[in-house]
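First chain A sits with chain B, and in the next complex the same chain sits with chain C.
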Partner chain A sequence: MDNTAVTYKMKKTFGKSLLYTLPMFIITFMFITGGKPDFSDPSTALAMSITFLGVNVLYFLMHYTGKTDRFRAVLFIVFAMSLSFTLISNMLETRDAMSFSRADMLECKIPFCHLVIPMMIIPAAFTRSIIFPGSIIGGFADISSMVILWLAATLVLGRGFCSWGCFYGGWEDGFSRFRKKPVIKRISESWKWMPFAVLIMVALTAALTLVPTYCDWICPFKAVTEFEQVTGVASAAKAGIFISLFGGLVVILPVMTKKRTQCSFLCPLGPINSVSNKVTPFAIKIDKKSCTECMKCVDTCPLFALTPEGIKAGSVSIFCSKCGKCVDACTRNAIHFGIKGVPSGTMKNFSRNLFLFVSFLFIAVFSSGAIINSLQSLLKLIF
Partner chain B sequence: MTDSFILGLSSGSACLVTCGMVMFPYLMAGSAGVKKIAVDLLIFLLTRLVIYFLLATLAWYFGQALFSASVLRTFIPGTLYIVFAGMLIWYSVGRNRTKECPAKIVTTVENKRLIPIFLGLVNTLGFCPALLLILTKGAAQDTLGQSYLAFFAFFAGSTLWFIPLPFAGKIRKKKVIEIIGILATGLAGAIFIIKGLTIIIGGILNG
Partner chain C sequence: MKKFKITAGIVWAFMCLILIIILFPGLNSFSSSASRLSFMRINPNYSGGEIARKYITENCTVEVHKPVYDGLLKERKRGFVQVDWRGNLPETLIDTIDYNLDNSPDFILQIDRTNSETELNPMSQKVKDVRISMPVSYGWAVRINLEK
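Moving on to the complex of A and B:
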């Protein structure tokens, strides 16, 4: 181990941090206001201002403190909660209930989410039809815009989508931070392959039945969005399954393990995003010269992407979501954001700045609508 | 039909994990050409298909005889689904699962031409929880045709795992594929437990 290795400081001065925040400031301003700030409705103006300032303060703090994950997590968690709030309030406004009926399905009124994508591929290729009862263009959470957003984010961020774009991940990310130390420490490495088994199952069952089986039977996030009306034994069984999975994998296990267990053991989109990590320009890299092999990063990784063997070999597995938790935990900056093709241990600051700009911009733009909507509703409730 | 296919698909992986090492040397021996391997594999698969159809017939007739009353038709398959699916999950998560392949006996067969048939026979009749589940399903069907269809779907699902066998030597990360296969088996078990519970609860609610 080379103890004389240079330790990079990710912290920046106040002025420099402001300078780095300026482009984000301008772009988010354009996206949030559409270039024309409208103060006619005070609650909308206030919600927009809070969102705009909040987002930019978080980005500024990332540069100023040199820490990534804690500020990413704030936005990520707020995003998840806001989206659920927006979705639920939308359902309550349009249907008077969180549950949807057969009629809603037949009228293609179900909001689309990225978790359906793995089930759509085979039926779309063979039958040239989309098996999800949502609107293709227009309407709330339509299919085409979600697919394009996911595809763009995945090609650039790889599995980074799971920590910088997924509007469900924030729930378990939040619950995984409840305790200081995990109650369950030893979890078999084999379980991290479970999403691949789930993906095979749901992709094939969806192809055979032309029904999005994951949404129909498994998705735990129906607990915070919408679900099928309970009208019989099958729908009651479905309700039992999603409630149990939400309770177990999104709430209880993340609290007990400090890991994102739903993402690690169930989500069928995870494997696709993991494989896309191979083609994305960004990666987490290990600078072996600076690494003392303390394994703090292995313990903190919420997605089982780091193993002691991997650290010794200087490699990070495809499961990495580039959340930055390991980077923050490393006192020597031996593990860092990097760009493929650039040797590990070099251009650490540049790589981090570039990655943060791209990924933060994505989550800021993607989340701002939901945050503004939920803030507006909250403000209307209060005043 | 979908659940039968999924059951076949998941148990096929487990079957391959257990029996792969015994079957590899016989089905795709290094010296044999692609044609010979393909023919042996075809005979092996045909043997399995024939046996499955025989089992479908037997299961259905047994089902007709045993589950004549509607109460039995609901509760026996429902309970069996839960029991056998539980066994399947135990197999996938249990650390002490047996890795002994019943096809090991093939080493005693002297006539090499009979080996694919023998392997197909032993492999199909190695009474694993998945086979017990599909037998239960075949027995619970209303018509013989439906029973055949269930077994065919099961066969089709499990066969998918055998098709790439000739290329097994070139597959990297076999251990990962094994793990995914075993986990998929557990998931199939979970599906059948839910199915069993739904049948029983549905039976109770419908009187």
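Moving on to the complex of A and C:
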């Protein structure tokens, strides 16, 4: 069989790709500009235009080349960097520091992020309250909006949230692409159950202490967002842990292994998103008739979701984040985006088009605010 | 059955598509509805709890919160009470606080805002020490440790 012929089945002609991009173009235009583009401030207009065109070019290329992960990753990485940039520049502007003070906590001014969710469930059930010093509604990253966004994304994408919505994942996704080949090739797969242990530990400690313990003591992304002001031994130890975990699990190990090690071994939200993979309509499927069991997909999967046994059985585990890396790597198009209920090997194009539209629309709109803000700041620095 | 599964899968996928399309334009409305859920309030350990008494002095408003002993299943033995001063604050704040509203003073606070020195004079055995005393955007906030 001619492999290249099969490889580019997902590839579309220029005209067809444009046609597929048109709905995304219109919807992102409405969402990014609010339907009324404002050209009064040149830097805002330029930042908005670059973002709008950028996301649509990426979406067009996904259709035109038939590759998914390559272009998803660009937006995903830019999103992660932009969010950190926006957050840090905002803090430096308003507080002259990257850290928040106890006064900010007293006034419940801390931005909320989805990683708090696993810790707030038990206390919310028992105390009917949220154990986080943030704002319920209004202001930057309020609790209600973030919970709604995460809930919707998780329902629709399942663990796909980790590759199409999480504004931290882009950091290690980026670092995992630094080297062509991994230095560390063999990692025990049993490590992928570690986040379940972390989830149980942080959920219980948070329930007992009514403190979001993961955010308080473990979260590596504090290193690129904001952390408690260092005022004593405890806060210095926390800062040390944040930086060490960021360096180890988000930078060094992803570079060495080409895997997303923080997502695979630490993140307590991962297990919840993994379980939600059972609900979402979209899945990665294996067409057993086309599969030669070359195991390229297993090697390339950044989240240990594919195993040789799984491939032989034609199943993908709940750890899959639908990043599309395995789909891009498969020369026979045997592993593909699918819809639950639809037999594997059928409706491949339809399933991919529908999944791409839904997932890309989410990340495009979700990331646009942060990207526009960062571009604006950069433009102001340059001009 | 196979056809039903295919149809159900595709219908569910299209419903998800609609959900994502309406998510962002409707986010304000969705989050406003979510914020009205009974558990959508900040835990008193962070917010300081409900305001139990508010009184106006010459320059500012003093707000005494309800004491907070919140635990997961039952109240804890140790807790705190938060007192806020809002408005145009003088350099030294001196106030007598009755946190349990029994009409007898529980402690006297004296705060020198210039050097952040806070002096606590407990008048009840339940009042322990100062947990936090610091300037905030609206004035000054103090948390006093209590024991039941």
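By definition in this document, the second predicted complex is superposed on the first by the 375 of 383 C-alpha atoms of A that agree within 3 Å, B and C clash if a C-alpha of one lies under 4 Å from a C-alpha of the other, contacts with A are read in each partner's own complex, and residues count from 1 in each chain.
Simple rule for what comes next: contacts are C-beta pairs under 8 Å (C-beta built on N, C-alpha and C of every residue); 3 or more make two chains touch, one makes a residue touch a chain.
Values in this document were obtained by computation on a predicted structure and should not be read as measured data.
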{"item": "Contacts of A:S190 with chain B and chain C, given as first, second, both or neither", "value": "first"}
{"item": "First, second, both or neither for A:V198, with chain B first and chain C second", "value": "first"}
{"item": "Chain B versus chain C as contact partner of A:L208, first or second or both or neither", "value": "both"}
{"item": "Chain B versus chain C as contact partner of A:A234, first or second or both or neither", "value": "first"}
{"item": "Partner chain in contact with A:L46 - chain B first, chain C second, else both or neither", "value": "neither"}
{"item": "Chain A residues touched by each partner, larger count belonging to chain B or chain C", "value": "C"}
{"item": "Touching partner for A:V74 - first (chain B), second (chain C), both, neither", "value": "neither"}
{"item": "Which superposed partner A:L61 touches (first chain B, second chain C, both, neither)", "value": "neither"}
{"item": "Doubly contacted residues of chain A, that is, touched by chain B and again by chain C", "value": "208"}
{"item": "Chain B to chain A touching residues, read off their complex", "value": "1-2, 5-6, 9-10, 176, 179-181, 183-184, 186-188, 194, 197-198, 201-202, 205"}
{"item": "Contact set on chain A toward chain B in their complex", "value": "190-191, 193-194, 196-198, 200-201, 204-205, 208-209, 232-234, 236-237, 241"}
{"item": "Chain A residues within the chain C interface of the complex", "value": "27, 31, 101-103, 105-108, 122-134, 136-137, 142-145, 147-149, 152, 155-156, 207-208, 210, 280-282, 339-343, 354-355, 357-358, 361-362, 365-366"}
{"item": "Residues of chain C that touch chain A when the two form their complex", "value": "2, 5-10, 12-14, 16-17, 19-21, 23-25, 27, 30-32, 34-35, 38-48, 70-73, 132, 134-138, 141"}
